[in-house]
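First chain written, first letter: the chains are A, B, C and D, and each begins at residue 1.
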Amino acid sequence: MSQTVVLGVIGSDAHVVGITILEQAFSAAGFDVVNLGVQTSQEEFAEEAVDHDAEAVLVSSLYGHAEQDCQGFHEVLAESDVDAVTYIGGNLAVGQDEFDQTRRTFRELGFDRVFDSETDPEDAIEALREDLQITPTESERATISS
Amino acid sequence: MIRDERIPADELRRIDEEIRSDWETGADVDFEEAIEYHESLPDRKRFADVLESADKPLLQPRAGVPRLDDQIELSKYLHEEGQADLIPTTIDSYTRDNEYEKAQQGLEKARETGDDTLNGFPAVNHGVDGCRKLIDAVDAPIEVRHGTPDARLLAAITFAGGFQSFEGGPISYNIPYTKRHGLEETIERWQFVDRLAGAYTERGIRINREPFGPLTGTLVPPSIAIAIMIVEGQLAATQGVRSITLGYGQVGNVVQDVAALNALKKLGNEYLPDEVVVTTVFHEWMGGFPPDEARANGVISLGGMTAAIAQPDKVITKSPQEFQGVPTKEANASGLRTTRQVIDMAIEQKIDIDGIEEEQDLIERETRCLMDTIFTHGDGDVVQGTLKAFDSGALDVPFAPSDSARGAVLPARDDDGRVRIFEWADLDMDDDIKEIHKARLSQRADTEGRKQSFRMVADDVDAISDGKLIGRPQGDV
Amino acid sequence: MIRDERIPADELRRIDEEIRSDWETGADVDFEEAIEYHESLPDRKRFADVLESADKPLLQPRAGVPRLDDQIELSKYLHEEGQADLIPTTIDSYTRDNEYEKAQQGLEKARETGDDTLNGFPAVNHGVDGCRKLIDAVDAPIEVRHGTPDARLLAAITFAGGFQSFEGGPISYNIPYTKRHGLEETIERWQFVDRLAGAYTERGIRINREPFGPLTGTLVPPSIAIAIMIVEGQLAATQGVRSITLGYGQVGNVVQDVAALNALKKLGNEYLPDEVVVTTVFHEWMGGFPPDEARANGVISLGGMTAAIAQPDKVITKSPQEFQGVPTKEANASGLRTTRQVIDMAIEQKIDIDGIEEEQDLIERETRCLMDTIFTHGDGDVVQGTLKAFDSGALDVPFAPSDSARGAVLPARDDDGRVRIFEWADLDMDDDIKEIHKARLSQRADTEGRKQSFRMVADDVDAISDGKLIGRPQGDV
Amino acid sequence: MSQTVVLGVIGSDAHVVGITILEQAFSAAGFDVVNLGVQTSQEEFAEEAVDHDAEAVLVSSLYGHAEQDCQGFHEVLAESDVDAVTYIGGNLAVGQDEFDQTRRTFRELGFDRVFDSETDPEDAIEALREDLQITPTESERATISS
């Protein structure tokens, strides 16, 4: 396989731990990971997705301003002809009592899946496998279940 | 090419004038007059002297609000109700980004509405006079705490304003705080800050400098933190600083924390010039806190216990409201008093724990490896060595957002809860040391019946906020 | 003459019938039916089994309110929000004085007004059915905690009511609690309580018994507490009790507390018959608390740290509101969670402190002296030995209000904060042990530049509530 | 000298620490101390004061019910012809914001001196010396100042 995933923290958010863990998790699951790190602009996501012919763009945000940071994001991706699955996850709203509402907001912005900050990396990997119709190889399955 | 050399006098003057024109309050800085002001301060406000002569750990919280009156009131409260020995002045985020105009707007709005529209005290906007009103009003030494990559104007104004201690450094306020500030740039800018502190020092006003030890605050292996503390101490000493407080952030394993503080003190004294007075500061846990004040008090108390055993010169306390962000002044004072009670009950006890010497020895060996690689990379120059070692990945900091560090090294706890290195990437460490870490992590993997993997890292990052030290698999061992 | 002998079956029946006529609810007790009820309880409510099979210290608070519904709600809150492993039911003062009529009035007033007109749960007045409603409603093992010199009816009703653990003992619920109840009288009454627990035990319902370790809660030297625990354990074992939890109250010096808990476990197992399962309980500091929740949390955390190192089977937690008396349920849960966080962060660490073996050895030697004097005084009978040793002052408890103990022995902390004996009075201890204490106290006197005197005792009694461990002279050392 | 002092905790109060410290302090200061312990009745105080021909009766109370416990105490002493200085000290009222008021209350009940719970034993000893017109001997003075 070796599908490419671009990931990064959008906006001026500098939370690096989550993205580091995600990078490790997706690499261990057999993806090629391009980690753009923190404080990544919409344009950088688009550029790198094109350069690496990415199958998926994973956006992280933990400081509560994701909605603002993602306005027009999918238009920017479309302009660069990025045809990738897009996920977003993290603390997506300042007060997130109603995650259903938050999910709706980000689905409307164009994201294919929306995750809260409690999501296990494995769940995101599982979802991506499903969306990209990938079956884990024998050896990978062993790694994951070990 | 930037090197570890003292900024010449004319260059110091040139930068000083240039930087002071960045914001209108810069014009009020007058070095000679500032020396006179400092000389007029009573002994109990002289930061370096108070810290260096203390016979037990001094306590200091974190705190900053936009308005001067509020900052004075907050400082007095923490001194009187929290019994803080040393008072902080935490600077707001706009000032950290050198956005003085935005800070000004925030300050004016705070004055109009009474709300805390900034997350700290905009010292540049308050100017020399504003700072002195704070220094005059509070009967204790006060330090500037911030997180500013380019802190030149902040230093010029706060030093002239009477502050005698200044946190930060070119690595410790770059790597964990910002993505794109180049390390070479921040080193150059901090050489100015240190040189300015050195200029005061030469006139008898010993400005205390405190590199920020916790770095990214997330499971930083002690030797990486200590090596960076030593480098920043060396850079400051070159510029004439003579009172340096090296920092270290609690990882939560008592043996490793005590060993690290011992190693920090020992290696700091060994690597820094004799004319520098080296002190140490211990930061209570800087990682994620439990979302529960009762549990947070437990985390804070474990820090107090560690401080009672290791006896650093200073402890930076946390509050039980850490989880929710900026604490109320009551919660801040509460964290101080909880820490004080634990230290005062434990400090007179002889608590000698087995294994501290061995752990300290390991930390020292690791730190020497890193210092050696810096020396080699720079061909003897610590500035070039630091730049090149970060560039090659021979020196690295886990979870660093900065583009100047690889951020490729990954820590994980061993079976005893000590922070080891799981992913070395290109960190330049002797193979026998790597084997020790590997064996310790392998022991944990056996206990947990799983392979060593990034899952341990992820589990460990959340463990303390989830109520444990080690991120064991769910279902327990 | 009362001796350490098992109460014969007919005598047990006679007393049982007599005592059950003391209050109307006594009539509802039916032993055979009670056995059936106990047998119907799920494993997770079987106190002895849960406690004995735990792999880390279980936490239990103190709590009792007059109304049944409130007690159920409080218990559930402490179990769910406080994560208490074991639930207490603290009995009110009138019941402790066998004033069931007054307790009834208080209970009725509580039901009318909704106020907590009693300081605990009047289990006798609630009767067998009331107790069972509580047992049924709460999904954890529950213990009766009280302080009753004559607890015969309380035991008869609560055992039949489904409680499987019962605190107290003839010495530990006499000496610290009451002035005029004779020790012989309380021993006789507790022989009945233990015999009743033994009768259930013989039918497969192992009622756990827990002598009250902290005694007067005020600087009790460990060996005195341990000797009394062993005596009460022996008395209970004679009557057929097979699950005994020996207690010890924190003195605040980590080395001495860990050593004492180790000695308690070791000597408990050594002195008690093999068929008894011995467990230990550690009480967080029972002396005066700081009048400040933040500082109180520090005291509680030091207890948690000690428990993480010594790993007793159970910890009785304190709340940050200890100073002001009965805590709110929130404060009670907060003390539990603070303790839990400290234990869970520290328990997986290897924290082996130097000097614990030596201190444990000293405590064991002292305890053996006291056990020997009891044996000698009683010519081999522990009941007679205890009575005569207290009478002669060879056995004594500091600050005992009871006329049955001299209360002449006085403790003071040594220079390391360990509790030593300053005034021996007639306590029967080997001279070489006395010399050790004297030398340690002399070392403290030297440090403080004052003579050994009762002033040290007075200063030490207040020290922890004043924020220190050792009551040093004002002006400091 | 060797003047006799009777001390005890009045009523149903069982706080023993303070009285134990006081016993030690007065003994060390050269007084003969008769410690009646906790839960001492008015009658016991009177009886023991007569039996030991006491110069002073010191009453301690820490549980907040002292006023109630001391009603008629001086009448009981008078009936037994006790002619002794009487002191009371401790936590004398449940909410003791106004100690001046508390002092007045107990002075009116007949006590010669009233102390709060923060009083140092030495202060009570000093006061008693003054009231009994005792000068400490040379050796005692040395002990006290040491």
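Keep this in mind: a contact is a pair of C-beta atoms (placed from the backbone, for glycine too) under 8 Å apart; a residue touches a chain by one contact, two chains touch by 3 or more.
Which protein is which chain? UniProt says A, D = Glutamate mutase sigma subunit; B, C = Glutamate mutase epsilon subunit.
This is a predicted model, so every value here is computed, not measured.
Undergrad: Cα centroid separation between subunit A and subunit B, in whole Å?
TA: Going by mean C-alpha positions, subunit A sits 32 Å from subunit B.
Undergrad: Would you mind pulling out the distance in Å between where the CA atoms of subunit B average out and where those of subunit D do?
TA: Here the centre of subunit D sits 57 Å away from the centre of subunit B.
Undergrad: So what's the Cα centroid distance for subunit B and subunit C, whole Å?
TA: 46
Undergrad: Would you mind pulling out the distance in Å between where the CA atoms of subunit A average out and where those of subunit D do?
TA: Those two chain centres are 77 Å apart.
Undergrad: Drawing the touching chains as a network, do you get a line, a ring, a star, a complete graph or other?
TA: Topology of the interface graph: linear, an open chain of contacts.
Undergrad: Please give all chain pairs that are in touch with each other.
TA: Per the contact definition above, the touching pairs are A-B, B-C, C-D.
Undergrad: Spell out the part of subunit B that touches subunit C in their complex, as residue ranges.
TA: 252-255, 290, 292-302, 304-305, 333-342, 344-346, 348-355, 415-417, 464, 467-470
Undergrad: Under the definition above, what is the set of subunit D residues touching subunit C in their complex?
TA: So the residues of subunit D touching subunit C come out as 14-17, 20-21, 24-25, 28, 37-39, 121, 146.
Undergrad: For subunit C, which residues are in contact with subunit D within the complex?
TA: Subunit C reaches subunit D through residues 177-180, 216, 218, 398-401, 403, 407, 410, 423, 450-451, 453-455, 457-458, 461.
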